[in-house]
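Working notes, beginning with the structure itself.
Note that the chains are named A, B, C and D in the order they appear, and that numbering of residues resets to 1 at the start of each chain.
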């Protein structure tokens, strides 16, 4: 984990450098997302740890968190095997895996051989998956390489939501989560 | 879900009524836990939704959350099949399942036939599993019957942690979570 | 694993000693099941490895295998904590977990303090869960203590089915298994 | 499911048409595999149902089944999105996902626009994943499109193994399967 909070906390997180977007009508910028917590999932479509854990987790965040408070964004940060993870391959991947959250392609410098893309370089990411949490003021608050549990991820996002939050309303937004229903009441157990 | 925040928010959550404790040297009270967020998991040892989802989730919270900020407690709220879920049966269950978080047995009124136990009644719980979140000031902030996702549970707990929290330190406490390690860096993918 | 095939293969497997049955109108005997492969899952209701792996696996076998060819049976072999795993506790367990396969309670010798029950002793089982496979002629063919993968368990049962089996018909019986449906055809991927 | 046993059972299964192999020093042919049961997993690297279920299941078969009796083979049957699932992309996929079973690329007819590849066409597969079981005599015995449970798959493979099989030896080969160890014996429960 790299959480260089002393360096970073008082500065704005670097802006996203994206060459193309999926699942959004408008290009997204951190500047325009001020006022929301931003969760950024940096991944590669042929990284098993991304496909098996990080990307489904990001889809769950997109499905469960209140979109008025939390912006959930994917960033395709290809730093290897460029030939087989281009825009056309990603488009198939996004469609076949039915990903619905906005996904940007991290931009490569023009006129250069492809290496580490620009946003990945600006944040000095170590690899994929990487998680970035950016607060409502646009500051990078957490940067983690590798797998994160749902519990800790939820807790971290929660701590960035305003203290005056109405928990009852937050809870209501969870109604979109299908209830496993495996529960017992006075009549019976179900599940 | 019942989140009667208008009724409850300004009042203290009812105190726990417990006849015996496991996994704690001292009996626990909400009064003594002021200053921490309290997560209370009400369960029965023969409720499948508890054993398969809620109780392992509670164990994960106990393992992952910072114990100086979040108190994770189980409450055995037996409201049916009393003969086979007594103290001796629970003791075997706690040992065999290797549960390590503190667990109290919700008290039954003395001199009465066993029905709904006292804490369960005071909170008007609908069944098991039930989740209660109590803030640092001792107020009930969320009350939910049934299954809750790790993401939303983490988020709810996070919103009750103080706004001045040092995320880097919170993140460091996650080091106790085993990292799945399924990740790619410049050298290779692992996992 | 104990697979004492030299001792056992030419002899009949010891008969079940059962004090009570659930989920069957008639008591079951190995003698009456000649002509079917018998899969016997010996378990205890407070054994986590049983509840989390073995018992759900047994339920899946009961749901997926052709009942005209394979008899799937549970045996509650309580050898410890007798006071909290009696008949009344098991009855609640079977009902709450919605187990549908026949389950017998391994008999204890009358007039003796409870120890290892009679069937468990006759088979010299090491603990729970234990798996026994008995062929169509009534001979014990496999005896394994601990967890077994679904693939190997299916393979072992398959090798005991008659060679003249009509695979197409076997396959048709799999239609009862809900198809995950996560598949791609010429039109689209689903799942 | 298509199990055209009346048409197919007495005829040899069509030979594999493969343009390149991974994870095998020698090209594989059904002809050379006579005497073993062949399990063939037809998949595409960007088919989610393959990557999430079928391909890991195939890896488990390769790890658990006795290679002297059962040949487990993957076949990359690309019938769509050809540009992004070529040999170079598959090579990355096989390496990153650490697949160890032999995988052939189903051949396309030369001098034609790419469509359904030759082996896929010969077997009239409906899509991916598809499972083919070929007996020791080289006959197609089962053909199924979509997801199959481990239990039924194991059972089907088992029924094709010779009746004289020594179950104790088969069982011993399972020793390679890591034992979950979640079991109770006279001393304690573990897991």
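FYI, contacts are C-beta pairs under 8 Å (C-beta built on N, C-alpha and C of every residue); 3 or more make two chains touch, one makes a residue touch a chain.
As the structure is a computational prediction, the values presented were derived from the model and not from experiment.
Compared with chain A, the chain whose C-alpha mean position is the greatest distance off is C.
Of the two chain pairs examined here, C-D and B-C, the one linked by more C-beta pairs in contact is C-D. Mean C-alpha position of chain B lies 35 Å from that of chain C. The geometric centre of chain C is 28 Å away from that of chain D, both derived from CA atoms.
Along chain D, residues 47-48, 52, 96, 184, 189 each make contact with two or more other chains. Listing the residues of chain C that touch chain A in their complex gives 96, 184, 189. If you check the complex, the residues on chain B that touch chain A are 1, 3, 5, 44, 47-50, 52-53, 57, 60-61, 64-65, 79-80, 126-129, 133, 141-142, 144-163, 165-168, 170-172, 174-175, 177, 179-186, 189-191. Per the touch definition, chain B reaches chain C in the complex via residues 46-48, 51-52, 81, 83-84, 86, 88-89, 92-93, 96-98.
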